[in-house]
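Here it is, the structure, as C-alpha cells.
Which chain is which? They are A, B, C, D and E, in the order written, and residues in each are numbered from 1.
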Amino acid sequence: PAAAEKITVGALRFTSHAASFVAYERGYFKEQGLDVEFKFFQAAQPMAVAIAAGDVDFGVTAISGALINLANKGAIKVIGGALQEEPGIDGQMILVSKKAFDDGVTTPAMLKGRTYGITQAGSSFQYMAHKIAQKEGFAGSEIKMKPLQKVGAIIGALKSEQIDAWSIVPHIAKGLAKGPTIEIIGKIADYIPDYQVTTIFTSADNAANKKDLVKRFLAAFSKGADDFNAALVDKTAGDAAGEDMVKLVHKYVYTSRPYEKAAPSIRNGAMRINKNAKLNLTNVKDQLDWFKSEGLVSKDISIDTLVDASFVETY
Amino acid sequence: MADTRPISSQSQSAEEPAKTVPFRGGGFVVKPLGVIAPLVFVVIIALWELGSQTGFISGLVLPSPSESFEAFRQLFDSGLLFVHLSASLQRIVIGWTVGSTLGIIVGLMIGLSSVARAGLAPLVSAIFPIPKIALLPLFIIWFGIGEGSKVATILFGTFFPTVITTYGGVDNVDRNLIRMGQSFGLSWMSIVRKIILPGALPAILSGCRISGSIAIILLVAAEMIGAEFGIGAYILMAGSLFATDQLIAGVAILSVMGLCFAWVIGRAEKYFLNWRT
Amino acid sequence: MDLHLQKLSHDYGKLAVLRDIELEVRSREIVCIVGPSGCGKSTLLRLVGGLEQPTRGQVMQIGEPPAGCLNPLTYIFQDFALLPWRSVKGNISLVLEDRGLGRGEAEEIITDVLRRTKLSDFADAWPRQLSGGMKQRVAVARALAVKPAVMLMDEPLSALDSQTRELLMDDLVELWLTEGFTAVYVTHNLAEAVRLGHKIVVLSRRPGRVREMVSIDIPLDQRKNHVKELDDKQKLLWSMLRDEAMAADQELLDG
Amino acid sequence: MADTRPISSQSQSAEEPAKTVPFRGGGFVVKPLGVIAPLVFVVIIALWELGSQTGFISGLVLPSPSESFEAFRQLFDSGLLFVHLSASLQRIVIGWTVGSTLGIIVGLMIGLSSVARAGLAPLVSAIFPIPKIALLPLFIIWFGIGEGSKVATILFGTFFPTVITTYGGVDNVDRNLIRMGQSFGLSWMSIVRKIILPGALPAILSGCRISGSIAIILLVAAEMIGAEFGIGAYILMAGSLFATDQLIAGVAILSVMGLCFAWVIGRAEKYFLNWRT
Amino acid sequence: MDLHLQKLSHDYGKLAVLRDIELEVRSREIVCIVGPSGCGKSTLLRLVGGLEQPTRGQVMQIGEPPAGCLNPLTYIFQDFALLPWRSVKGNISLVLEDRGLGRGEAEEIITDVLRRTKLSDFADAWPRQLSGGMKQRVAVARALAVKPAVMLMDEPLSALDSQTRELLMDDLVELWLTEGFTAVYVTHNLAEAVRLGHKIVVLSRRPGRVREMVSIDIPLDQRKNHVKELDDKQKLLWSMLRDEAMAADQELLDG
C-alpha cells in the first residue's frame, strides 16, 4: 500500500474518547492507511476551533452552540455519532445536594423552582434540565440555571449546597454520591431516551472533498468502539479483555494516577459508543431545535448545515 | 613662566568660523499629542474592516468591525447593555478599590518592616502565581456563588500586583528625605504619610494602571461563577456559542473600559505628580 | 540645654571617620566646626542630632529645652533634603504639622521665615524651580520655623552669594541676641566662623580628631568693630588648617 | 544691647538632668530575616494539615497537604513530573523572555518619544484589558495549536505590564542626570543605556516580579490549547476531573515556581541595585 | 575658541530671569560671574552650554576647539549630578566611554584626575558614601577628564573647605598656565573671583543684567604677589554687590 496518510485527531483525556485510543493502539488506523497523531485539548471548544482552522482533522464532542455556529459558518460537519445514552446501561445521572434532598427533592419532578448547575448557557447540561422539565410538565425556565463554567466549579457548588441539582456522567456521579452530601435521584436516560451525547465531526472541507479519508477514519474508529463496547460496556469479552482494555485506556486517561486508583473510574465511566458510528439524527434534530428555541443559534440553520449524513447510518 | 593671558592681537581673527552653540539639552520629555491616539485607532479599525471586506481576514474567527458593531447595536437595543455594564462596573469598582487599598497597605508593610517583608513577601510570591481559574471551586466554597466570589476574584487579582509595585516604590524612596523627617521629629505615621507615600506614588500609580487592567481581565474569570449579567458573562456566552461578532463587541467594551481607566489614572498622575518636570 | 560629646568615635565599616571627639556645647553658645573635606563634620552633626549612632562614646543632653521650642535639635542638611513634591511653603509647613499649632499660627510662622530668607515671592514654587542658593534658603527657613533650642547647621550658607550670606548672618546674630539659641555650625568659610563662633573647633583630617579649639571672647554684636582681632584669629585658623593639609600632602607623598 | 554670651556661672548647674540624645534615625531599612519565610510556610501548612485532620477544614474541596503531597509523589513516581515541568518551563522561559524584552523596548519608546507615547500608550491601555482566554480562538487561528499559541499567550500576558512599569520608571528618572549626560555630549544611545535604563531599573525589576507571576498564571490558559504536557495541562485535567489533590499539587508546583522566580529577581535586585542604601 | 553672548534673554514662563546679556569670552580667558542668589547665573551657564535655549538672543562660538579636547563645552553642575548607581570611578569613566579611547588611556585619565582631586582612595565608593565636598570634587574630576576647551563652572568649589579650595585653585591656575583653557566661572566667593578671573562680571538681581564688568590685568601666576591690589578689587566688587542688595531691600520695603 501507499505511504500512510498523516492525519491529526483531536482528543480530550476522557474515557468517552477511548474508541480512538483503541483504534490507534490496536493498529486499526494503520490498517486503513492512516498515520494518526493525537492532539490533546483541555476543552472541547478549542478543539472545535482547531478543526475549523484545519489544524486538526477529526474530533469527538457534544453538540454545542459553538459547534452549530461553526457549522453555520461552513467550517465543520458532524459525520457520525459516538457516545450514546441507553436504558440499562449506566448513563448520566441526576444529582441533588443533601440539603435539597432533605427538603423534598427526591425525584426529578421536584426540581421545579430549584437551582441547577450548568457550565454555560447553551451547554448540554441546560438541554438535559429542559428535557426533564418538559417531561415533568413544567416550563424549563422554572429551573434556575447557574452557569459555573467548569465541572469542578459545579461540584464545589453542589457539595457546598449552593446549588440544588446537576446531572453528570456516571463515574463522577457515583463517586460523588459516595460522599455524605450528594444524592442520586434519577437518570437522564429516563428523560432523553437514546440521547446522542457526543458526535464525531470533521472540517467541512474533509467532509466534502475527502470522503474516502472520512470513511476510512470512521471504519477504524468503529472497530475501536466495538472492542471497547465488548470489553467494558457489554462485558462480553471476558475479564481479561476488560483488564487489558482498562490498561490500554489508562495510557491516555488518568495518567498521573496509579493504575489501581484509575481503574474504577475508567470502568465506571464506560458508556456505549455507537456501533458503526451510527448517528441518532432524531435526537440531534431535537437538540438543534432546542438551541433554536432558546435563541442561542440562528433560526434558519437546517439540520443539513450541521450534519453530513452520507457517511453513516442514521435513525 | 610668563602669563599668557590673551590680548586682542592673540584673539581669534574675524575670519574664524562663527556658529551658534548647538543646543544639546531638551528632549527626554514626553509631551501629549492629542491627535495621534484617535488616529491610530481609526487607522487600525479601517484596515481591519478593509481586510474583512476583501476577505484577506477570514470571517471564520475574526468578524469585521461593522459586524461587531452590529452585535453591539443589538445589545444596546435590547437594553441589556446597561444591565451588563452596571453589574460589571459594580464588581470592578468594589474589587479594585478594596484590592488596591489592601495591596497598598500590605505593600507599605512589606516596604517598611523587616518582619513583614520576611514573612509576607515570599507568601505574595507564592500565592500570586496561582491562577484564579484553577481556584474557582475553592472560591465558590469560600465566597459562595453570589457577588462575593466575583468581587473576591477581582480583589485577589488586583491585590498582588499592587503589593509588589508599592513595596518596589517604597524601596526606591530617597532615604535622605526620611532622615530629614526624623531629624524634625516627625512621627512615624507622618513620615509614612508625607514622605514615603508621596515618594512611592509614581510607582503606585503605575501599579494601578496594571491592576486596573488586570481587574478588567478578571471580569471574565469572575463572571464564570454563576453570573447572569455582566460583560464577562456576555463574552463567555458569546465564546461558548462561538458568536464571534458578540465576542468582539464584548471585548471592545472591555477595551473602552481600559481606555477610560487609563485616562483617569493619567489625570491622577497629572494632578499628583505635577511636581515632576 | 547643654550638649556634651563624650569620647565620640565613629566608623563606616572599615573607614575610621571620627576619633575621640570630646566637646561641650553650652547653652546659648555657637560652636563652629572647621576641617578638611571628608574629615567627618557632617557625620559629627548626624551623631549629635541622633540621626546616627556612634560606634563608641555618647552625646549627652543636659537640661531641658526651653518652652515654645518645637524641635529641640534641628538639622540643616548640607544637601538641603527638600521634598520635591511639596512647594516651598509645603516644605516648611511639613515640619509644623502635627504640632497642634492652629492654622493661623503656622501660616504666620511660614510667612515670617519666608520673609527672613527673602523667599516670599517663591512660596508656591517647586524645589526644581529654585536656584541652588534658594534651595539652601528654604532649608534654613524650615529649620528656623521650628524654633530650635540647638541648631545643627551643615554649611548652611555655602551656596549663597556673599551679600545674601552677609544678610543672613546678620539675621542669625540678631536671632541669637533675641532668642539665644545654641548651635553647632559646620562651615568652610573662616570669615563665617570668626564672625559667628564663640568657640571654633578645628578638626584634623580623617579620621577627624579635635586638633585645636579657639575661643573668641568678643561679643557677637560687637564683632564688626573688632575687624582686626577677628582677622588675626582667621589667619591663625588658616595657618592651622594649612599645616594640617600640608601634613596630609606629605603623608600622600610618603605613603 | 549687651552680648549675653554664656559664661561658666550661667551654664547649667550640675544637678540638671542629663540624658543621652535619643537616637531617632535608623529604621525604614529592610533587612533580610532568613528564618521567618520558611517558618511561615511551615506554620501555614501545619495548620492546614491539622485543620484537615480534625475535620475543621472539610475535605470537600480542600484536600489535606498530605493528600496533595501523595498526589505529587504519584506524579513524581510516574515520571511525568519532569515531562510536565520541562514543557511548561520552556514555554514560560521563551514567552517571558521575549515578552519582557519587547515590553522593555516598547516601554522605553513610550517613555522617550512623544509620538510613541501618543500612539502606543492608548493601544496598550486598550489591548491589555482584553482577557487572553476570550482570545484563545484567535490565538489558535493565528499561531496554530503547537507551541506558538502557548508561547504567544504568555508573551502577550507579560508584554503589557512590562511596558507600563518600564515607562513609569523612565518617567521617574531624574531629568537633571539626563541633562548632565547631554552636557558631556553623550550620544542618545548612551544616555538611554547608561542613565535612563539604570534609573528605571528598580521599576523594571519590580515589573518583572509582576510579569513573572503573570507568566506562571497564564500557563493554565496557554495550555488549554492542545497541550499534552505541562503543569497547566495537569491542573486543567485535575480540575476537569475534580481531582482536588492533584489540583492542589499542581498549584503548589506553580507556587514553588513563583518562589524560585522571586528569588532570582531578588538576587538581581541585590546585584543591580546595591548602590541603594 | 571664543564665545560671544549676544543680547541673551531668558524667561521661565512669566518669570524674567536674564535680560540682554552681552558678553565676550575670549579664548584662554577666565570670566567670573558674581551676583545675588537666584539672579540667573546657573541659567546663564546652561544657555552657554547649549542645555537650554534662550528666549531671545544667541550664543556664538567662534573658532574651532583645540585638538585632543573631548567635550569642548563642559559643565560642572551646582548640584553635582552624579549617577548614584555608578562608583566614583564609574561616574568619571561615563564621560570617557564611546570616545574611542583605549582602556588603558581612559584608565590613565581617571587615575590622574582622581589624584588631582585627592579622591584616589575613594575610586570605588558609591556617591551616597561621599561627603558633600567629595561629591563636588568628583564633579570637578569628571569635568577635567574630558579636557574641555571651555569649562562652565557653577560654584565648583563652594562645598570645599578653604585649604582644599586653595589647593584646587592652585591646581586650576597651574592647569590654565599649561593648557590655557577658557572658563566661565560662577562663584559667590569674591576672593575666588579676584584670584582666578581675567574679567569679573557682576550681575544685577533678577532679572539678571550685566551691571558691571571689572578686568584684572595681573597675570594669574603673579596674583599672590599683589595681595593689596586684589584686596582693593574685592572691596570694589563687594561694594557694588552691597549696593545692589540694598536696592533690592529698598524695593522690597517699597513694594
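Heads up, the rule we're going with is that contacts are C-beta pairs under 8 Å (C-beta built on N, C-alpha and C of every residue); 3 or more make two chains touch, one makes a residue touch a chain.
The structure displayed is predicted, hence computed values, not measured ones.
Graph distance from subunit D to subunit E, where chains that touch are one step apart, equals 1. For this pair, subunit B with subunit E, the centres built from the Cα atoms lie 45 Å apart. With centres set at the average Cα position, the gap from subunit A to subunit E is 84 Å. Our note on geometry: subunit A versus subunit D, Cα centroid distance of 41 Å, whole angstroms.
Shared contact sites, meaning residues of subunit B that touch two or more other chains, fall at 24-25, 60-61, 133, 137-138, 140-141, 179, 182-183, 185, 239, 242, 276-277. Within subunit C, contacts with two or more other chains are made by residues 49, 51, 73, 79.
Annotation for subunit A: residues 45, 49, 53, 150, 152, 155-156, 159-160 touch two or more other chains.
Contact between chains, per the stated criterion, is found for A-B, A-D, B-C, B-D, B-E, C-D, C-E, D-E.
Interface residues of subunit C, counted against subunit B in their complex, comprise 49, 51, 70-71, 73-75, 77, 79, 81, 83-86, 94-95, 97-98, 126-128, 142, 146. Partner subunit C is touched in their complex by these residues of subunit B: 176-177, 179-187, 190, 194-195, 198-199, 201, 273, 275-277. Across the interface of their complex, subunit E is touched by residues 12, 34-38, 41-42, 78-79, 118, 129-134, 137, 154-155, 158-167, 188-190, 238, 241-242, 244-245, 252 of subunit C. In the complex of the two chains, the subunit B residues touching subunit D come out as 24-25, 27-37, 39-41, 58, 60-62, 110-115, 117-119, 121-123, 125-135, 137-138, 140-141, 160-161, 164-165, 168-169, 171-172, 175, 178-179, 182-183, 185, 188, 191, 196, 202-203, 205-207, 209-210, 212-213, 216-221, 232, 235, 239, 242, 244, 247, 250-251, 254-259, 261-262, 276-277. For subunit D in complex with subunit C, the touching residues are 1-6, 10-12, 16-26.
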